[in-house]
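Next up: the structures, one after another.
Each of the next two complexes has chain A plus one other chain: chain B in the first, chain C in the second.
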Partner chain A sequence: MKEVIVHPERCVGCMQCMPACAAAHSQSKNLFQASLEIPRPRPRVHVGVGLFNEGFPNRCRHCDPAPCLLACLPGAIARSAERNTVFIDPNRCINCASCAMACPFGVIRYHEDHTAPPGKTVAVKCDNCYERQLAGLIPACVEVCKSGALRFEERSEAMKRKTDEVARTVSVGAAPVELAPGFALLNAMKRKQIDLAR
Partner chain B sequence: MNDKRYDANTITADGRLLLKKLERDGVDSVWDRFRAQLPNCGFCEMGLSCRICVMGPCRIDPFGEGPQRGVCGADADIMVARNLGRMIAAGAASHSDHGRDLVEVLGKVAVNAAPGYQLRDVEKLKRVAAEFGIKPDGKQPSQIAAELSDAMAEEYGTRKKELTLIQRAPAKRQEIWRRLGVAPRGIDRETSEMMHRTHMGVDNDWKSLLLHGIRNALSDGWGGSMIATEVSDILFGTPQPGVTRVNAGVLKKDQVNIVVHGHNPVVSEMLLRACQDPDLLKLAKDKGADGINLAGVCCTGNELLMRAGIPMAGNHLTTELVLATGAVDMMVVDYQCIMPSLGTVAACYHTKMVSTSDKARFPGMEHQEFHPENAAAKATALVKDAIANFNRRGEVFIPVEPVECMGGFSVEAILGALGGTPKPLIDAIAAGKIRGAVGIVGCNNPRIQQDYGHVTLTQRLIENDILVVDTGCASVATAKAGFKQSQALEKAGPGLREVCGALGVPPVLHVGSCVDNVRILVLASALANALGADISDLPIAGAAPEWYSEKAATIGVYFVASGVYTVLGPMPPITGSMNIVKLLTEGLNDVVGATFAVEPDPEKAAVLIRTHIEDKRRKLGLPYIQV
Partner chain C sequence: MKYVIIGNGVAGIHAAETLRQFDPPGEITMISDEALQPYCRPMISMVLEGSVATEKLPIRPVSFYDDLNITPALGSRVSAVDVDNRTVSVSGKCYPYDRLLIASGADPRRIKADGLGLRNIFFMRTAAHVRQMLAVLPDVRKALVLGGGLVGFKAAYGLVRRGIPVSMLIRSGHPLSMQVDAEAGRMITDELKAHGLDVRVGAEAAAFEGNGRVAAARLFDGTRLSCDMVVIGKGVFPARRFVPKDKIKVDAGIVVDEHMQTSAPGVFAAGDVAESTDIARRTPWVNAIWPEAVAQGRIAGMNMAGHPAAYPGSLSRNVIRIFGLDVMTAGLAAPPEAEGFETLSVTDTRARTYRKLVFRGDRLVGMVLVNSIEQGGVLTALIQSATPVRPPREALLKPGFNFRQLMPA
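Up next is the complex of A and B:
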């Protein structure tokens, strides 16, 4: 089964996954119209800032066993084995924040959502874009990511690729492979600036 | 409270204290907004995003697996070159349009349509007019001014082959430009052509785009900006050395404080005049103030500092902070580098904010449009308003005592101090007492601790006997750090200390606002011409350790295209194309005899510059050392 896999070394920090995620979880599914909806749709993926101002797309890992699920008192959180996805039922959620306290990755937010009863604040997080998947689409964050930091692929495929990448670096006489020399140069300069500030 | 956060933002004592006050008052600063923007978009930082047409917007994946071309087919080289080209065009447009406004005032002064303005330097008027082929024979200054104003206005859309003022460059330099086909033909033309070339489906050879970038930047450096400086001198006086004071401590608790901000002296010179009006001074006294204190920030401040010794409250990243003193009764802005946040910051204090240019409006500011015809009257009215605001002050916090500084080093003043010719300077360089000279220019940028780049680089250069001339926000940084007073000679190496000591000047010379970078071009040309050499032969360099603006990008390009090796602090958005990185940092040497370097660490930038200067000394057959 394909799932969203994060490759942090490729994140260029453009944050396009965030508005795409918000729009995918809106009523209209259209970025411009979504920006006018009430309640305002919000992203389930959040780009954080690393030590050297690099980006990192932080999203739900859909853990198994999931600490949030175990911590949920009203039983609003459940796992769909079929989709390997942890869901929150907004009708059952009591907005107690137990799940967020249990979550090691800080990916759960609390706000109103068009799927929840009007005016009710609920726990919201990534649902692997199950609606889009049912329609034959890939998750929205992956669709807009142009640098390959977010991919929708078989876990085994990703592991194989990584294994080969590592294998190539230990080949006899192998020169170090630079993925993107310009990106490496930019990061080196940014790192220098930040080192200076410390 | 953990004060280390303030220390990381700025090296300045006034900045740290005012930042703390701003935070206590619950006001966002430029640093807060900078942090909220992190991480920056990597596509944009690399020049790999293109918003030029609506088949896109497009991005190119730097890792080579996602899209490698925009919808139109532009690859990374084309995309980066187009973005850089438009950046240069915007910078050239800004400084050159500033020049146009001055030419218009000159034209109005000539027909007595600009009450309050006058021709303060008639000698310079005649000298510059002669360069434009205007014969003085018995003409009144106003007649010459009218003809010069027309001739300069022509330069913007000239039908001649080349701009007039490129003749100031050494003959060898002019030849290089002609051979490359980059001699600028018209100030507006080159900017307009850049916008055309970067439209979808026009110039799609990245090298040819960059060559036009050079021509566009030259149209500013040897055109629009140069006109701006020369006309400012004619209208408001050519700067002469004088002593004044800098940092937020120049604001006075017991006086009406008016702060001018922006770039163009057209408005601020009239305010200066009004601030000296005895009737208004009396009005201020009647309101309980001890006088009217006009101070500057940013480059409008530099214009007044250079010509009238008006005190300077701070540079780019201090512009919000000075409002936190609660002592600014009015801030009057013209244009460029005025953060649109200022109106919001001022709303938390009693400061009255006034915008003055028909082309620059800001939220939270009252718009009082200045034109040459009404400027004198408007200025009087504004000063009256500022006086009326004096009694509305709340808590006043002047964080530090001001620092003394010397300014006013126009090329005329520098040559004057040398006895009318560059020869003593050349002799000192030839003897090795002075190893060379460096122009440190440009802005502040929240990516870098405020002033750290400027001050560290300046210190390392002067202690190694390299003369520093600086402009813009860089010049305010070193003034605040005390490099522009006689005691600063102690920070200089023995040779530089001896020469500057004998001339009675500090080791760091304030040559003006950022538009006045052209004074550095004129000075470099004077040195090169005296030696029969090209600018690229000289042991000189440029640096922009904390640049942020499009204008600075253009300045960098016209420096390099004029033969001056230039070290940038922040990386420009070009790393998406290693071809362009290589061309700008290596390949240009074979094209224009100079390159860019990028080095965020000023300690390392100093080593790069010293190495370059000693290398040039070696090539000139002068004594040199290994750095």
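Up next is the complex of A and C:
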């Protein structure tokens, strides 16, 4: 089964995945209309910055066993084995933040959402674009990602490619493999600037 | 294989589900004095508050026992465990076992005071307790809560939210002294006081007065407080009266090893009754909290079914939302002074945030977050895994802290 795989070394921190995610989880599914909706649609993928301002798209890993699921008091969090996805039921959620305390990646947010009862704050996180996948689309964050940091692929394929990449770097006379051409330079420059500022 | 599980709380049900997963044909008997379908104990305070309906309490369907082919023995407490003959006695009946799990939980700590027999004096531990409280609530004009722990606090919060004036008597200097540090305790107290709670520190009730029903409490300092309802929230104590102490090692709780096994072969313990090694404190400790009960129940279940699994130890932690405040703590929130702990903290009065980190050497061992708690799980995981903290530690205090900052650059 294909899943969203994050390749952090390729992230340039453009944050386009965030509005794409918010729009995909809006009522209108359209970025411009979504910006006027109440409650305002919010992203479930969060681009955080590292110590050198490098980007990283932080999204739910859909862990198994999922710490959030085990910590959930009202039993609002469930795993769909067939979709390899951990879902939060907004109707059962009681906004107790037990899942915030359990999630080792810090990907759960608390706000109103159009899928929840009006006015109720609930825990919200990535659902692997369940609706889009039913409609034959790939997850919105992957669709919009230009640098290949987010890919929708078979895990085995991603691992094979990664293994090959590593293998190439250890061959005799191997040149360094440019994973994200151009952006590596940009990141190096950013890092230099921050180092100088210190 | 015959399994007996004492307790149908969250540790018990997770153990039962795990047993079923690893040993489909095994015979499972589940004993509990609570005859309800498995429900979520921490949510009873939300029922008192009125934010959650009673019907939302169950966390497993009515058919839970049938679905998992479990023989329920509900309605009475275990009277004895015979470790030599491997049997459990409940109300005259005897259940033989090959593997036993004691997940009997904890009971409210009793207090010594005169007049405890009066009506409208409650503990808050079970769904039944809250049901009784709700029944009298319409006639309550003034309530008194004893104890500033989590239960006392949640009871007070629930009653304040119901519009009932509440006085809270606590012995220590600030509420939640076991969960948070003084600074967070002060922020919580201010928040509750702003919403009408009357907090009295260093105060304790000596006697209750009334004609059949409680009408007033007399404190040790002679003060008389009128009230028509009292909630006793002085903590809990492991429910282990039936445990033979000469056969099973008992400290504050039932002592377990890293496989959740007690000193008696074939006898396991999990949840609020079990005492395991505390990761942050590095000492045996009873961490009577939901997430540990779940983890321990699962680990116990696997080991009972013959699938070895190790438990890394428990960690105290809590998250509470009180009006406009979110408070999350983990590990040593208020470490003992002068024992080689380093503390970093930052307060932002305008944003109403407070963050505190406690380090022992290069390991994070405690944290307190007030508001913007979304990344608290990342910090909790750092404590649990005892990961050496490499990056500038101050980065962990910044509002922009996120998972990426822990990864190699």
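Criterion: the second predicted complex is superposed on the first by the 195 of 198 C-alpha atoms of A that agree within 3 Å, B and C clash if a C-alpha of one lies under 4 Å from a C-alpha of the other, contacts with A are read in each partner's own complex, and residues count from 1 in each chain.
Basically, a residue touches a chain if its C-beta (ideal position, glycine included) is under 8 Å from a C-beta of that chain, and two chains touch if they have at least 3 such contacts.
What you see is a predicted model, and the numbers here were worked out from it, not measured in a lab.
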_Looking at the superposed three-chain arrangement on chain A, would you call chain B and chain C a clash or a fit?_
fit
*Could you say whether A:G148 touches chain B, chain C, both of them, or neither, answering first, second, both or neither?*
first
*What is the contact status of A:R10 with respect to chain B (first) and chain C (second): first, second, both, or neither?*
first
*Is A:L186 in contact with chain B, with chain C, with both, or with neither (first, second, both, neither)?*
first
*Considering only touches as defined above, state whether A:E54 meets chain B (first), chain C (second), both or neither.*
both
*Is A:A174 touching the first partner chain B, the second partner chain C, both, or neither of them?*
neither
*Is A:P104 in contact with chain B, with chain C, with both, or with neither (first, second, both, neither)?*
second
*Does the superposition put A:H46 against chain B (first), chain C (second), both, or neither?*
second
*What angle, in steps of 10 degrees, lies at chain A between chain B and chain C when each chain is taken as its C-alpha centre?*
120
_First (chain B), second (chain C), both or neither touched by A:M159_ = neither
*chain B and chain C, closest CA-CA distance after overlay, in Å?*
8
*Considering each complex separately, which residues of chain A are in contact with chain B in the first and with chain C in the second?*
49-50, 54-55
*For chain C, which residues count as touching chain A in their complex?*
14, 40, 42-43, 46, 51-52, 56, 59-60, 290-291, 294-295, 298, 317-319, 321, 326, 328, 330, 373-378, 380-381, 391-392, 395, 400, 402-405, 407, 409
_Could you list, by residue number, the parts of chain A that touch chain C in their complex?_
8, 46, 48-52, 54-56, 58, 65, 67, 70-71, 73-75, 92, 94-106, 108-110, 191
*For chain B, which residues count as touching chain A in their complex?*
8, 38-46, 49, 59-67, 447-449, 452, 570-571, 575-578, 581, 598, 600-601
*Could you pull out which chain A residues touch chain B in their complex?*
10-15, 47, 49-50, 53-55, 145-148, 179-183, 185-186, 189-190, 192-193, 196-198
